[in-house]
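In this document, chain identifiers A, B, C and D correspond to the written order of the chains, with residue numbering beginning at 1 in each.
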Amino acid sequence: MRMTVNIAVAGASGYAGGELLRLLLTHPEVEIGALTAASSAGTKLGVHQPHLVPLADRVLAETTPETLAGHDVVFLALPHGHSAEIAAQLGPDVLVVDLGADHRLADPADWRRWYGGEHAGQWPYGLPELPGAREKLTGTKRIAVPGCFPTGGSLALAPAFAAGLIEPDVTVVAVTGTSGAGKSLKPNLLGSEVMGSASAYGVGGAHRHTPEFAQNLSAVAGEKVTVSFTPVLAPMPRGILTTASAPLKDDVDEAAARAAYEKAYDAEPFVQLLPAGAWPATAATLGSNNVQLQVAVDTGARRLVVVTAIDNLTKGTAGGAVQSMNLALGFPETTGLSTVGVAP
Amino acid sequence: MRMTVNIAVAGASGYAGGELLRLLLTHPEVEIGALTAASSAGTKLGVHQPHLVPLADRVLAETTPETLAGHDVVFLALPHGHSAEIAAQLGPDVLVVDLGADHRLADPADWRRWYGGEHAGQWPYGLPELPGAREKLTGTKRIAVPGCFPTGGSLALAPAFAAGLIEPDVTVVAVTGTSGAGKSLKPNLLGSEVMGSASAYGVGGAHRHTPEFAQNLSAVAGEKVTVSFTPVLAPMPRGILTTASAPLKDDVDEAAARAAYEKAYDAEPFVQLLPAGAWPATAATLGSNNVQLQVAVDTGARRLVVVTAIDNLTKGTAGGAVQSMNLALGFPETTGLSTVGVAP
Amino acid sequence: MRMTVNIAVAGASGYAGGELLRLLLTHPEVEIGALTAASSAGTKLGVHQPHLVPLADRVLAETTPETLAGHDVVFLALPHGHSAEIAAQLGPDVLVVDLGADHRLADPADWRRWYGGEHAGQWPYGLPELPGAREKLTGTKRIAVPGCFPTGGSLALAPAFAAGLIEPDVTVVAVTGTSGAGKSLKPNLLGSEVMGSASAYGVGGAHRHTPEFAQNLSAVAGEKVTVSFTPVLAPMPRGILTTASAPLKDDVDEAAARAAYEKAYDAEPFVQLLPAGAWPATAATLGSNNVQLQVAVDTGARRLVVVTAIDNLTKGTAGGAVQSMNLALGFPETTGLSTVGVAP
Amino acid sequence: MRMTVNIAVAGASGYAGGELLRLLLTHPEVEIGALTAASSAGTKLGVHQPHLVPLADRVLAETTPETLAGHDVVFLALPHGHSAEIAAQLGPDVLVVDLGADHRLADPADWRRWYGGEHAGQWPYGLPELPGAREKLTGTKRIAVPGCFPTGGSLALAPAFAAGLIEPDVTVVAVTGTSGAGKSLKPNLLGSEVMGSASAYGVGGAHRHTPEFAQNLSAVAGEKVTVSFTPVLAPMPRGILTTASAPLKDDVDEAAARAAYEKAYDAEPFVQLLPAGAWPATAATLGSNNVQLQVAVDTGARRLVVVTAIDNLTKGTAGGAVQSMNLALGFPETTGLSTVGVAP
């Protein structure tokens, strides 16, 4: 007899919830239990996620501790604040995977400044490729899934900090598809506005992912890293292309940089340092849990420049969540996840 | 009797040439003369530019000094190298407007390093909004039209350097539409590859526009400015969204930054510093000669971050060329150019 | 002294209103007066239409008969029902141009069936290229601007009916950009949903433009024409590509078909029958008032197939409105309108 | 010991070949052998298909009978003409799956008229959902994979013909993504041309898929069916949305139509008749082998209108090929294929 874990997804009508279900449908160790939503409760999943054909007739329940009870794993794809509230009412033996921001930050002051209200406490951080992260995820009952931007940006520079190649003064510009903003009905997210246009927002250190970047990179660097982060919205549904750079320390050359990234990522199943001369494109990662990455040394500006491509909904959200769940439950880390993108 | 200037366009079948003709068709002081091309010579313009209806039946001539002779103004929208070769054979009384790179750089060593071969010499630089540029364009017979990336990036930071607000260590990431790459038939420019994908190229200081950025900003700063420049290709036909940043000097705050940009651009007909809280989107500039711009002070990272949006084919190429032509010929600077974009 | 007409635009924050203003800003005979809106009243136009730079600081008034009073021309870009209500309160000497559906249909029963409520009566129909339409528009004080789909579809087949080439049993499939749906905040209009997807809606004769098609074509044919109309939403902000076909009458060949279209459109300033072998693309018409058209005889299926490309916001809405206004006021018909598209 | 079949893919650098490999990488019964190409022979697959990470270092061989020898299954994703030439040199025990057109048509006269040259003979047709097709595929050694357009269009109307609901006079307009045109370097396939534009081509019965439509539907109808087919290119990499219609026979109503489609497709694993009120969107099928379908009765025009959505590369090409291979080899028909799309 095959033992499977029973999972619930809160926020199943949204983009993160839909991507979770897309992945979980092919996960051999998982049985899909309760699917819950807020205003969409009572409707069929097929109305909101017509691509999830095997689940089309499932009716969405309301998101409450009761509807989520009785599952081995509960995924929370909820607005920040709401996930902490729900999580507090779930038992200690349930594996709770929070795709929201509530449990990412270590510093309560950071939380108050960027999100407001009371801090719910930090959980093991679901980015196994960061130094030390995999160990904390193994066997845990609580997982804080990283933000989509810090996923691509932290993996871009962590090896360079770990190898002592760069100064702690980082610039990140990340070009994102629109699904990162969710299904919220805002005029600037309408197709007519988005198509044919690139636009900036949250400029000047105003984006809430900024402290998460700094927390991740400071931990690796062993000193305070400042991050200037600018997100750019591009006309595509999925994908984040991150350009991260920092001043080089003396005498660092391309070979040293490349060696540091090979060392960090050669054994990672989902990170590909591309061959010299190839540059990442988000389309190649679409639907996969991959991070495609390239490194350059700008000898004129004396900066290390790293570019990463991910699928914001997969590695940047739901795929990272499943990868971390696998570690927490003792499944092989790659179970239910693909290294093959859907292109073109 | 109305006197008009007679203009020729070399490279009329390409994107830059097409945009020039789109603008010149509404320019009241201009009569469109010879249209020339390379491999398309002998075909009708309508085959290549179906949107230029009034010129659809014009037959393209071959690009030679002879076909271009006898015009008051000659626009060269040609591959670099070729424009210098043709320009050298045009008379001193003809206004020659080079949309290629041949006459942008001051330093022959820069030219040899980035483009190779012999330097053709520097011409007045067609970005009137830069300090001192407008004066040099007035009455000139030779114009070097800026590259599309340096247009958006130089205008982003020139006022801050002019006001002494930032350190000379600049990071620029510019998200561009595909028309900047022209009509060259390369696999990575196919619609199937481009749509749904953001990709990097020319990373690490490898893009040829890098020395042009440095030249422009160093001139304003009065000291050597280093520029780390990364272009990103996004799925849109037109537009460049540039995020430029640099370390703030001590005590510079948002008010000082904003004041510097107001001072620089309040009288400029084509540059709009957006109201506080609004951020540039390339779609709003489409088809216009506008630069939309916003400024932020990142107090955490202590950097000035400036975002500009332009249409790469208009202000970034053909519009800038017409604006400079107007100055050279003594027409009002805005003649034939629009401050109204085509959106959505 | 120059006499200009003073115009007001009701619904200035929407896509149709924005396109009207884009065109009217370059119209030499027009002065832009009141700009009104519903929920956006009190805000600046620049918030909603950042591309309309010269009007950015205009404050939107509420849409009432009072705010619209005192203008020579009032454009109504309002939801259907609302425009009839406002129009009834405007004086007989004001030129009222209704971009909504209220005054398009002749038959009150059609109105009740498709829109519900009381019929406001038919006005002269703003598609001058249809037989007899131009005469009725000349000097009129009331104009019903056609729907965007009937614009492209009626011009596709009217010449064939006028020449007696086809049977009255028409199939129309029209691929449209998203701006035709306006700025309404619906989940299926989000960029994430629209990009990378083509979808059908209003299938099976359910779209409200169906009776308008039938009315136009029946009038030309002199008999009842039935129209099977299917709209398809495509991932682009603007443009409608219409494929219209009908069974050929006996002995009609390609030459006869082409001759009929040449006869109908050779003198029309905004309609281009493309050279044999060229096929319409919406991008070539973007921002222009053009209709690009091609005709084919399918000898196997014995059908005439006609394809038209328009910009739904220009010729399909605001450009058609300005063209008709020109006729009503005695200006040259092409004033303020362009035959040059913005491409690529 | 697990027995797997060894497969080769000729044309592995193109879009059809890439999609085949994407699917075969997850097929549990398959081992991927030789990958061949024409001008790309000698290069690594990762250069052409960066999304196929597990195969990135495979070197492409030249497409010859020798490189393809020794495999249980050979997929031919080659230009028409070339696949017949290669196929003729492969042994009778090899399962040959031709993704090109060479073996689709029954009538040599049709082949000569539409493709030219000598007819290579008809093979079992790889669209199992058509009446009688599944039986012919079971155990076969030769499979002709349908064209992408006839896949969506034949499944749209076959049930109506089987149930005697419609007249044999069909109109099909199919909106396609750009990958259907392959990686050929043509100006009209450049991203700058494609994005923001819908365009027609092959209008008036000129597209080579026309006789394939007629062949499929005539076989089901038991009489000659004429098809007016128009393809439209839309700005998306993948997907075909087909609108097919035909005159209704007397007394057919919506219930009868719906019943015919339920009967035809309720047991089909890859075809979903959507709930009443829902309409197909190609994005929901992306990457899956699904056909999403809706049916409407237009009582005004007395036509049956059916809309289908597929992924042109999956169900329309490579997925259909794998599905048919499964039947030929005796694997469960759905092996290695997904009913879950990648959206948004």
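FYI, a residue touches a chain if its C-beta (ideal position, glycine included) is under 8 Å from a C-beta of that chain, and two chains touch if they have at least 3 such contacts.
Keep in mind that this is a model prediction, so the values were computed, not measured.
Under the contact definition, chain B and chain C share the contacting chains A, D. When chain centres are set by their Cα atoms, the one at the greatest distance from chain B is D. Chain centres here are Cα means. That of chain C falls 37 Å from that of chain D. Centre-to-centre, using mean CA coordinates, chain A is 45 Å away from chain C. For chain A, the set of residues touching two or more other chains reads 15, 177, 179, 192-193, 195-196, 235-238, 281, 283-284, 286, 344.
Those residues of chain C lying in contact with chain A across their complex are 15, 177-179, 181, 183, 185-187, 189-196, 235-237.
The residues of chain C lying in touch with chain D in their complex are 169, 171, 173, 175, 177, 192-193, 195-201, 203-206, 210, 214, 226-228, 230, 232, 234-241, 243, 245, 247, 279-284, 286, 294, 296-303, 305, 307, 309, 344.
Of all the residues in chain C, the ones that touch chain B in their complex are 15, 18, 22, 25-26, 46-47, 49-54, 56, 179, 195-196, 237-238, 272, 274-275, 278, 281, 283-288, 290, 292, 338-344.
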